[in-house]
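Think of it as A, B, C, D, E, F, G and H in the order they're written, each chain with its own count starting at 1.
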């Protein structure tokens, strides 16, 4: 808990601006809103630098609608991941400015477009990895990062990557999205002095084991400077890349 | 291959400053030095922003000595990871300014200390996780990042973490080192708007499976913004954290 | 086999109240009823403190109906887990007092409501974990425990948990239901001096491996005092929490 | 954070008994002691009902000694797990009342023996499982529970278990320690209406996979009412069993 | 290759009863029939003591029909495993004496019923394990073994098993079919001096991992004398149990 | 990058045949064609000896059509793997000479049939393994290798294999396709002095784990000279077998 | 519990030969002897057809000596598995007739040699698999089975097996011991109409995973009639093979 | 069995050159020599194109000596893999021309050096992978292939590989030895039209899992034309590369 927040509260108590019970209440927890089956964390945008996203699988349509209404009504940017057409229709009925990115399987409601800052480069190894790359791209864009995407530059024809080296050189952080054997992340990290975020995808079959092969490849990268998010988790890659990208603005 | 490097070489050829064979030689590859069993990548410091490190396990003492001599003679900062006392003695015989960090199991030879920039905060969950945290800290420091370490703030007594929140708030990037169930990374990522690099350690037993439990925990973090390096790989965490930390200086 | 039961039987034999074959029969086994494809364990309620539950998957509708008729006709409370609408209709046709909890996927027939005793607190980390938390809650309630549920208090916004600490303090046992990285169980166990039963759920994707990530997290909890049931097994968590909760009434 | 603790502190502030800075200090965190590489959680005994234990592997002897001195000097009961002869000698030099249980691999310093309450029964399947059973027993005893141990009652000769059924009936909670296939936990849970805590051990070989076989067996118990701790983690089993055992004394 | 078969063939050659090419042909291989996509092993019944069975998954309906016609026309008993209603209709059109066992998912065509010999006892732990138990039972019966089945005698109410001990005592070999934690095999093997064949089933969920839990339990049985077949492979259990059961008739 | 290609380009620059920018462009990368979501590697046929194949899963129909048009319009032989009827119709609409192999799940467009060279023998263990064997066969044939297939020669009736030994003896390379336990590869490698390429298939169930059993069997072959491709990857087996088969023609 | 045993006891009670307490005592459990840390199951030889064996790992030398003394003093045949020279010396001091089989790592004390019956054939694939094959052989011999061993007949030179087919034909049951890929079990089961017990060994490296490769191979045998024991568990294979071998003598 | 061999034998029989028993003997099996614990396959060199190698782990020194004497006395080239200094001394005592390659851990006895044919190129990614690369090199050389080795060309500095492309172009087959993430095999296969044999090594730590990461990477190579041998199995890679390399000489 932030000492200055405590100080301010205690001074209000000392000065009689608030009474004892009000002070206890303020100190007992940070603010959130309780809607029964979900506790919305409106404080997150301040605390974490980006809005709360809804991970759709496992939630009922009713729950998604209820949560969405609350978030949208607060004016925060709204993101839903691993969504589908049905969920989009429900969100669209709540706010007609909602946009659906079917390839990325994301829904976005964003009243004010942020000024795009910095530069994130997102590479994908194969055509089938594009949806996850798009998920990362939409996430970073919504949160306010400038994004360049380069698709289909996997290591089976590595010269395709080399002709884009000047773009890599201009990035503040690079996201590498790759399934099958996932070797692209190591090769990129060996080429440039940039933080590389690897996103293994579940593309492949057999001993790919739903993305484990690519995950292990990236974790064992012989080139230092690669960190990895969960299989198919373009959203999380977009979050951390955005945080890295905007860090200089925020730093003390 | 860098276009400006090509341009400069070709102009030299056009202007007759170099002949055809010299041009071919320059273009055929980036510079490295071949010592038979190893090809030293002296170009790496320019290309990647940090010097070549030696991962000691699996290399003979003779090989380590041979590689070390070459690197040290070039004046690059020198790092050896997962080293031991015997290897240190051999390096120390080559250059008496070599320093050994026994807890971190690292050897460093660095003629000029870099000016420390930015701010990396490194947290460890338990006392037994400290060696890996130290490995990350030494790495970041040698490459030129300012580092603060906070040890023993695991979730079994989570109030120990909360009293350090102001330090977390001042970081550009946070490294979380944790074994056993590795829950600390999620909790930290839920508290701050900073990139979090998780380092699972092999501390624990039974269904810990040598660090897999902590690895999976961190990969599945419910709080977006965590990326993970290999189990016990403090070095790689130090590299990527350093790259994130200094990015603002380098950005276009 | 219970010595007093043996003694009573043998005395009856000595006194001639029963003959040799009757005695053998009584001693050969504890009572159960054989309906061919299932052996109903009517003795279980006495022996185990709770009624027999039907685990629906893998059983044909005919088998479920047959088993249900027998149990309901005995007047025992009846529970079916991982059930669906079709099964509910079949049970409802047998006994119209049957209740279906669609979220928990449970069917209950209970003629006499038990007096609720003690206090079990059930926490769930995310909205998608609620069905398994409900399964645990229904189980505990049917068997006679008082239950409080608190949903959506996962570690990505850990302050949501802290404002409920007084409820945790009032519990005799706490069930923590969490998917993804499952870190909530460790955090709770670090806060209170209560037995904590962890229920990992299969919510998540990629390296979650259908709940293994959360399972390993809970098994490796750095805070002592957590024990774990099978992935998605809210029923079993409800059983053991109820047994813990009512233990003081039963103890010698 | 405990509301009554906050209230008391705030009232002191209102009444001028303490000044603003003192109040901030008290509220900023729960008390712990920082010795650099470890943050001792002296508050734990109040918060969790049992003292802090040291898990020895991965800690240097120097660290163990430093931590031990601090804990012992506070007068809290002291426990070290997975210890060895060397560690014991070091602790014994600090406090000559230290006792070493070589089979359980535990060291205990306890100035005042607690009054033993309730009743925990600890079963082990094979002779080789005894050390882990002893670890659970010592833990429960030190914390203040009455313990009965029954060794070598595995399912390969199941009649050995049945002759002890009256002891099982008198327990408030049962710990079952078993390696190899770990079937004993299911059989015990099928016999009695008591909470059963399963401790899989790494005893066995081949497809036992260091205890995974027994772990999975216990997690999949067909008899409801079994919860499981980590492989070979007798300490954690002792903690949760103690919490269950003493719950009635503590309950609201 | 059988020496007496070679001798007879060579004598025929020496005596001029067959010519060189005939002899080569006889010696080059044992008889089978090639139908392009399958090589029917008509010799198997002699060599292996039971007829060739068709494992249906992965084969097209056309292939199954073609293979079935050939086998049935030879008069061998015919078995198809993991079959369905559609496949049954196709076989029935070929031979109207075909019988379908929907629970066991087997199709049988058998012109002459064999005299049933010996005694195999098949136990199943839960109601949901019955289909695999039936698959084993049908297999053994078709090949000529006498079979007794006892269903629903799992360890959660172990007294149900004990009342059948006299039947176990009369068996030559016992098949134990169990899912979930699969503990029944160990308990049975601890009770009787009979070969026990364990069949783990995929019944269960979560950390059952589709039958791995039960498989490992049976492989690690603390009671010697248990051997295990593949998960859900009732057919293979029926084969080996039949071979054990009839061995005495065949032995030299 | 090929030195002679560099020399030719630089000489053109020296002689003024091309200007500086043209030279840079030629040197910066090898030729490929960018269609946005895919970068077609037309250079591959020269570089790798076989045309680019489309792996269909994970690509949208629109993407497949777009890629196919480009490849077919270049006159290269065209291959699509793991295809279906719908994809075939789309390709057929682009080029009516397209052929669909439903069992192998492949689509081929090939204007000029190559002269078939060398000799690849492809064995499959069971009838259900044939589709993967066909995938390997179609691949090798399209690229220009002579192929002989022998189906259903698994080790459960090993004499079926032995009667084909003269065909094995005539092969330059042998592909062994086998599911279940995959033992055929070891047996074949023990019989002949030929390179053996193993293709494990996902045929089987239970502890087959979708082909892992066969994969491990082949990797652990006690007979040297077996190398393995991914589970169900007939295409890759066809590629490497073709490369081995034609090597003598290509060798310097 | 055996009905005839109950009948006899009850008749004694009815006839006044024993009093009530004596009857209760007799009925309460089968006889075993309690030596504190172990409960010796002297009844096992009657119940299971073979004596109790000591699995040495995890037991202290003191425990092994204590258990051994009791068993040897009863005159039962005594077996210790996975033993070493030190343990042997301790047993030899108790009974000088003890024999140590260093390759099989077994210790045997057997006063009266049993008449060897039936015929078990034990095959091993490689020279390194011999110790486990010897463990199975010693076990079967001590319990009274006739045993023939054939070593080094693995599938890398499969003709070595074929020349022993007449010995296989004379067996009542065949044990196949194989590491690496473990293909031998399938090949043997495809050749003969005998029950085959597979023993995977941990011989091999890399993707052998300590015997898992061979274990999976044997479980997935395409030839019906193979059942498998744990990795390296020659003892258990010897037990079940003996039970199968002597079954005809015992059958009703 | 080879038809021409049968024909020749039968003609001898017809012509009276051999008698019936001699013919039976010749036909019953292919020749091997039985030394009790091992059956030497002297026929292998003819059948398989290379001599029998001894895999040392798991064999006693006595067994290795016995086997070696027999092989060496036959004049076949002799290879022992995964050997050590002690074994070498024993072999050297048998034949003083024995050579030990300590890095490759191989012992070779070869009286006549073969004429080296063709061209195998062996690449290793890191310095620590060299021993396995050497094992492959020695194997290929002994069997008669010309070998070029290029060490330390891993993807963390990929330009080191590109400067050797002309050597790759001259190979008939390429072996790629790589640990950590093993990405080198994919990159090489994407560059050249040569069969690539991947050898994953166990170099690395954490989520490398003793080489599984590299193994999966290679199996999932997005570039067709890679086949893989077991982790650390340089010997098997040398065998299959040699077979591929010499195939043209042998082909019909």
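Here is the rule we go by: a contact is a pair of C-beta atoms (placed from the backbone, for glycine too) under 8 Å apart; a residue touches a chain by one contact, two chains touch by 3 or more.
Since the model is a prediction, treat every value here as computed from it, not as a measurement.
**Q** Keeping to the contact definition above, tell me which chains border both chain D and chain E.
**A** C, G
**Q** Is the contact between chain C and chain G built from the same residue numbers on each copy (over half shared) or from different ones (under half shared)?
**A** same
**Q** Could you state the distance in Å from the CA-based centre of chain B to that of chain F?
**A** That pair's centroid distance is 40 Å.
**Q** Counting in whole Å, what is the centre-to-centre distance of chain C and chain F, each centre being its mean C-alpha position?
**A** Using C-alpha averages as centres, the distance is 54 Å.
**Q** So what's the Cα centroid distance for chain E and chain G, whole Å?
**A** So the centre of chain E lies 25 Å away from the centre of chain G.
**Q** When the C-alpha atoms of chain A and chain F are each averaged to a single point, how far apart are the two points in Å?
**A** Result: the chain centres lie 38 Å from each other.
**Q** Give me the residue numbers in chain F that touch at least two other chains, ranges are fine.
**A** As it turns out, chain F has residues touching two or more other chains at 1, 3, 28, 126, 156-157, 162, 190-191, 206-208, 212, 215, 219-221, 223, 230-231.
**Q** Got a list of which chains touch which?
**A** Chain-chain contacts present: A-B, A-C, A-D, A-F, A-H, B-C, B-D, B-F, B-H, C-D, C-E, C-G, D-E, D-G, E-F, E-G, E-H, F-G, F-H, G-H.
**Q** Using the touch definition from the top, list the residues of chain D that touch chain A in their complex.
**A** Touch residues, chain D against chain A: 1, 3, 6-7, 10-11, 13-14, 20, 23-24, 27-28.
**Q** Where on chain H is chain A touching in the complex?
**A** 125-126, 154-158, 180-183, 186-187, 189-191, 204, 206-209, 212-214, 216-223
**Q** Quick check on the complex: what are the chain C residues that touch chain D?
**A** 1-3, 47-50, 53, 118-119, 162, 165-166, 169-170, 172-173, 190-198, 215, 219-221, 223-231, 235-237, 239-240, 243-244, 247-248, 250-252
**Q** Which stretch or stretches of chain D touch chain G in the complex?
**A** The touching residues are 126-130, 151-153, 156-157, 159-160, 162-163, 179, 203, 205-208.
**Q** Which residues of chain F touch chain A in the complex?
**A** Listed in rising order, the residues are 28-30, 32, 36-39, 41, 43-44, 55, 57-59, 63, 67, 82, 200, 202, 210-212, 215, 230-233.
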